[in-house]
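Note that the chains take the letters A, B, C and D in the order they are written out, and that residue 1 is the start of every chain.
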Amino acid sequence: MSVTNEEYRPLIVAFCCNWCSYAGADLAGNNRLAYPADVKIIRVPCSCRVNPAFILRAFQRGADGVIICGCHPGDCHYTSGNYYTRRRMALLFSMLDYLGIEKERTRVEWVSAAEGAKFAATMNDFCKTVAALGENKRLEDLRCKK
Amino acid sequence: MQRIGVFVCHCGTNIAGTVNVEAVSDALRKEPGVVFSTNYQYMCSQAGQDIIKNAIAEYKLTGIVVCSCSPRMHEATFRKTAASAGINPYMVEIANIREQCSWVHKDTLTGTEKAIILGRAAIAKVNLNAPLTPGQTPVTKRALVIGGGIAGIQTALDIADAGFPVDIVEKKPTIGGKMAQLDKTFPTLDCAACILTPKMVDVAQNEKIRIFSYSEVTEVHGFVGNFDVTIKKKARYVREDICTGCGACTEKCPQKKIPNEFNLGMDTRRAIYIPFAQAVPKVATIDPDHCNMLKNGKCGVCSKVCTAGAIDYNAKDEFLTEKYGAIVVATGFNPIPMDKFDEFAYSQSKDVITSLEFERLMNAAGPTGGKLLRPSDGEHPHTLVFVQCVGSRCEACAEKGKEYCSKICCMYTAKHAMLTRDKYPDTEVYVFYIDVRTPGKNFDEFYRRAVEEYGVHYIKGMVGKVSPEGNKLKVQASDLIENRQIHIDADLVVLAAAIEPDKSARPLATMLTASMDTNDFFTEAHPKLRPVESPTAGVFLSGACQGPKDIPETVAQAGAAASKVIGLLCKDQLTGNPCVAHPDEMMCSGCSNCEKVCPYGAITYVDKEFRMPDRTTKVRRVAQVNEAVCQGCGCCTVACMSGAMDLKGFKNEQIFAEVDAICR
Amino acid sequence: MQKVTRDILVNKAKELLANGTVDRVYGWKKGEFAYDVTPALFKSEKELDEFVFGDFCGANVSKYLVAESKKAGGKILVFLKPCDTYSLNQLTTEHRVDREKIYAVGIPCEGMLTGSALKDKVDSVLSVETEGDTVKVETLYDGVKTFPASDLLPDRCRNCKSKKHVTYDELIGEDGEVLDSGRFDEVEKLEKMTPDERFAFWQGELSRCIRCNACRDVCPACTCEKCVFDNPKSGLENKAAADSFEEKMFHIIRAFHVAGRCTDCGECSRVCPQHIPLHLLNRKFIKDMNTFYGEYQAGEVVGNRPPVVNYTKEDIEPSEAVKRGE
Amino acid sequence: MTNTKRMKEDILRMSGVNPRKCMKCGKCSGTCPNYDEMEYHPHQFVSMVEEGRLEPLLASKSLYTCLSCMACIERCPRGVEPAKLIEAVRLLKERQKDGNHLTANDIPARIDDDMPQQAIVTAFRKYTK
């Protein structure tokens, strides 16, 4: 990613579960609810498919923020996947914070298939937060930056 | 290396209006593995699909990337297209450049840039895709219903009606369950036996249905379509095939003082007994705990009086293993024990009874022949107090009560009060309630009739204390509306005990790997959309084992569960989801972490022999995934430290590749 | 310092070998120096001559049982300190050892000294002796020096979590109690820093990492058949850390993989040649799990379900979890 | 914060009771052995504290007619513990009485060898606002 642009744009990776959040993102599209193009969505069957290594890899390769979206607790298509996500991410985020990495760069949001507006609002808010933090310098592979 | 074709859709102006589709297809042509890239007005149209098919043939494509609308829209379409042109449908990936790009971004420059990145991610993924084939498993066309109450009976009848064989396993000597013990049913007041016993007879006579009464499920193996179930037929010491149910033995047995479970201990039965007149199967059963012959070999009266020669004192428990395609749980409920509720003096006075005991007292076949008489002295009671919510809605102490509303008590208490006043107009009937909950067809009308026509005293407030004094029960309660404390000298106090799932449900859930909530009710696959299925494929729920229910609801759910079973048994083969977890046995450490998080019980472990590089063999414990049961959530892949467990279609390396492509 | 002597242990080993209860013994052997005692397997009474026991026998031998207990032959005798028994239980829970093949003798522990702390204080050690709480060190150039034992104790012993053996077949001496240690104090201190200070702290620590993998290789929770970092197919393969990211990546992922399974035995920090306080990463996870999901001690009971592979419907949200320190 | 609101918070803090758990079943009052002597009954305490109607409670004799038999705590199906709430209202009332009967300065004069220190501490708490 080039950073020579006059305006800094963050790079956001969003992991969305197939059943709720990905559908929520589709609904945001159907309703033409705009959010920044900085957000790139990766589809996973369930938020519990997201390995902490995926998140670290995104940061390594230059992502400035990573957000994981899943079904609301209790609504998981696979009954319990997002409960595990909640535990894993609570622990991982707390660890990243402990290592001094800005806690605003990671987020978990529960977005249902009906919450297109929430999806767009969440992404707008997250982009704004991450943009305010600036580039991710604390968790990146220096070789990936030109 | 894959040979990938990229197909960018304009979707009219839906995509092309914001995204420079030409630039996208040009940019993606340069990606590794891409041998063909084009764009077209409507990729999903017949003409668009033909472009894909022709390109597959012409460029010998092995992978397809379609940059179009959401995969939730047309992934299936393009997979079919690919399959019809001879490549594996799972070699198709969709880059969502409509819902998640052109529709949400206004600027052509950023839209185009993002579309290219999304396309790149899809190409990176397809490069690592592998052809997937859904597994096929045959279906055993037989169902098992566990529990022979009204829920189990209705489910079995409905399944049998569709032509499939069904077995009912009932732990008691007869089917019928709780409904057989009821007197009248609300809100129509028809007699429970009159509507239930014909169904029991139907079950007995239906040649598709086998009844294993006095039996229990002891082991369950296998998975949807292919369960192996071990059933223990407890020794009843009477040969079912010979016994005619004449009842001669039950009259001659010298052991007379055994509390009769069917009448909740309010009268007695013999050591050899038939639970009630309309029992199905109507055969006698010997109670081994009380039979003299079985205990010390001294008696044998029943054997002498049995003209059919059905008595067999040497009978043993029998185990049989049967195959089933589907299992329906219908284990029902019980009232909770009342002995912990000291304040209501249930253990101190015989005249404090539960509602189920009241049902038996009012029933013509009950211990009093249908006359309402006090259990202590057989006198006719004049003042009756009904207490609602005993143990229900009770958050304070879990070992005593239940946090949930038991749902049926408001209605049956109204019924009891009404029937009492109807039969005995000389009585005064008080009902103490917290709320009267009557949602249901004709339910509130029924309750109002109890108040308005039958003059039942409904008092908002709870009974604080019942103390036996002489032959009276002193009831102290509050009347919240009049803000006073009431003292009533009652003759009979009836407690609407909370109901709880049958104790057999918890071990059964473990055997079935079906999940339960903290109250031991079975959980549904989805609380709204799949209310009669358990999260474990092939296991269905019927009746009160899933939550408190009245009879019409139970019957409705029983029918719904049956229709789900029929839908399953109709299939000759089950086609699985090919995107399932798959362990790399060479790397698996056998730690069981994946097994712990699997919501479907799809993971088991085996000890397997491996050849080592030095030609020795080593036995290691490794995970096995049952592909027919796995639903592909991928939870196990993260629980696996070594990365031995991976998810087909969403492999670790595929997701890494997507991340890398996006962050490039 | 130690209340049990070498002779007690050797006699016990000889007795069990003689009566056929076991056919081999895991213990310790003298290293090159007085302070680098190493775990070793003894297969006969004669070999036991080389058996040593003293204040530097800190190595947790439970991990050696992963391979040893799967081999043919009879039972293996192993002497376990209280903290080692937690590891053995955890390994049993994960089916990594065959508990039936192990004869565990619990031994009391008064804290084990570390060679690294000693080397920080003196050079050219010839011999070390302890008398009570005083450690007498004979050196080549500086003569005899004495230190209080507490100066040479690693953090895991200064903040010992338990003197209770959670599994054993036999016990030498009296069993102790689970202690109320201050093992999370250091973590709390870090939590109270600003993110910038924390980042600087960890940057300073982790940048020293030379990726020797000693922490992983000694860790009784790291027993995977093949580590993700060694596996080209995992997408995480990384033999040597090239920059600060990869050092962090390795240690975050390693700490995450052992989260809920780490018994806080402290071996990682003991063996780290760069003196990185790796236990502070593991303890952060333990502390978080305790506060978020209720007290949990890995290895306390066989068959326990670690919090990371469990859940309740009322769990804390990740956004709340990171806010907690504010 | 209004006075009532602060008083309510004090009561809830002192008692540790959450009156919102009450489902208004009245079992506490049905249980109460001294019901007729009480102007306000246990369930009314719970709902009046929740509604913030504290003045009538503070003025009521019921504060002293509660026997503290704890039957209502024992029987409450929701674990609301009305007796603790009544006790807290009573404490609040005590603490509001007049001014400070005992100030810190008064204490040294009252200390002698026979006086247990506990008694002084208790008295100081009881007789001081």
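Structure notes:
Rule of thumb we're sticking to: contacts are C-beta pairs under 8 Å (C-beta built on N, C-alpha and C of every residue); 3 or more make two chains touch, one makes a residue touch a chain.
Predicted model only: the values in this text are computed from it and were never measured.
Looking at B-D and A-C, the interface holding more C-beta pairs in contact is that of A-C.
The chain with its CA mean position farthest from that of chain A is D. Remark: chain B and chain D have CA centroids separated by 48 Å (rounded to whole angstrom).
With each centre defined as the average position of its C-alpha atoms, the distance from chain A to chain C rounds to 36 Å. Inter-chain centre distance (chain C to chain D, centres taken as mean C-alpha positions): 54 Å. Per-chain Cα centroids separate chain B from chain C by 46 Å. Listed for chain A are residues 52-53, 57, 74, 80, 84, 88, each touching two or more other chains. Touching two or more other chains at once is no residue of chain D.
Counting partner chains per residue, chain C shows two or more touched chains at residues 228, 235-236, 308-310.
Pairs of chains in mutual contact: A-B, A-C, B-C, B-D.
Interface residues of chain B, counted against chain D in their complex, comprise 343, 389, 393-397, 401, 432, 434, 460-465, 476-480, 483, 485. Chain D makes touch with chain B in their complex at residues 21, 23-32, 35-36, 41, 43-44, 71, 75-79.
Contacts from chain C toward chain A in the complex involve residues 187, 190-191, 195-203, 228, 235-236, 242-246, 248-249, 252-253, 255-256, 259, 281, 284-285, 288-289, 292-293, 307-313, 315-322, 324-325.
Note for the complex: chain A touches chain B at residues 1, 11, 13, 22-23, 25-26, 28-30, 32-37, 40-46, 48-54, 57-58, 61-63, 74, 77-81, 84, 88, 120, 144. Put simply, chain C touches chain B in their complex at residues 70, 93-96, 223-228, 231, 233-236, 257, 305-306, 308-310.
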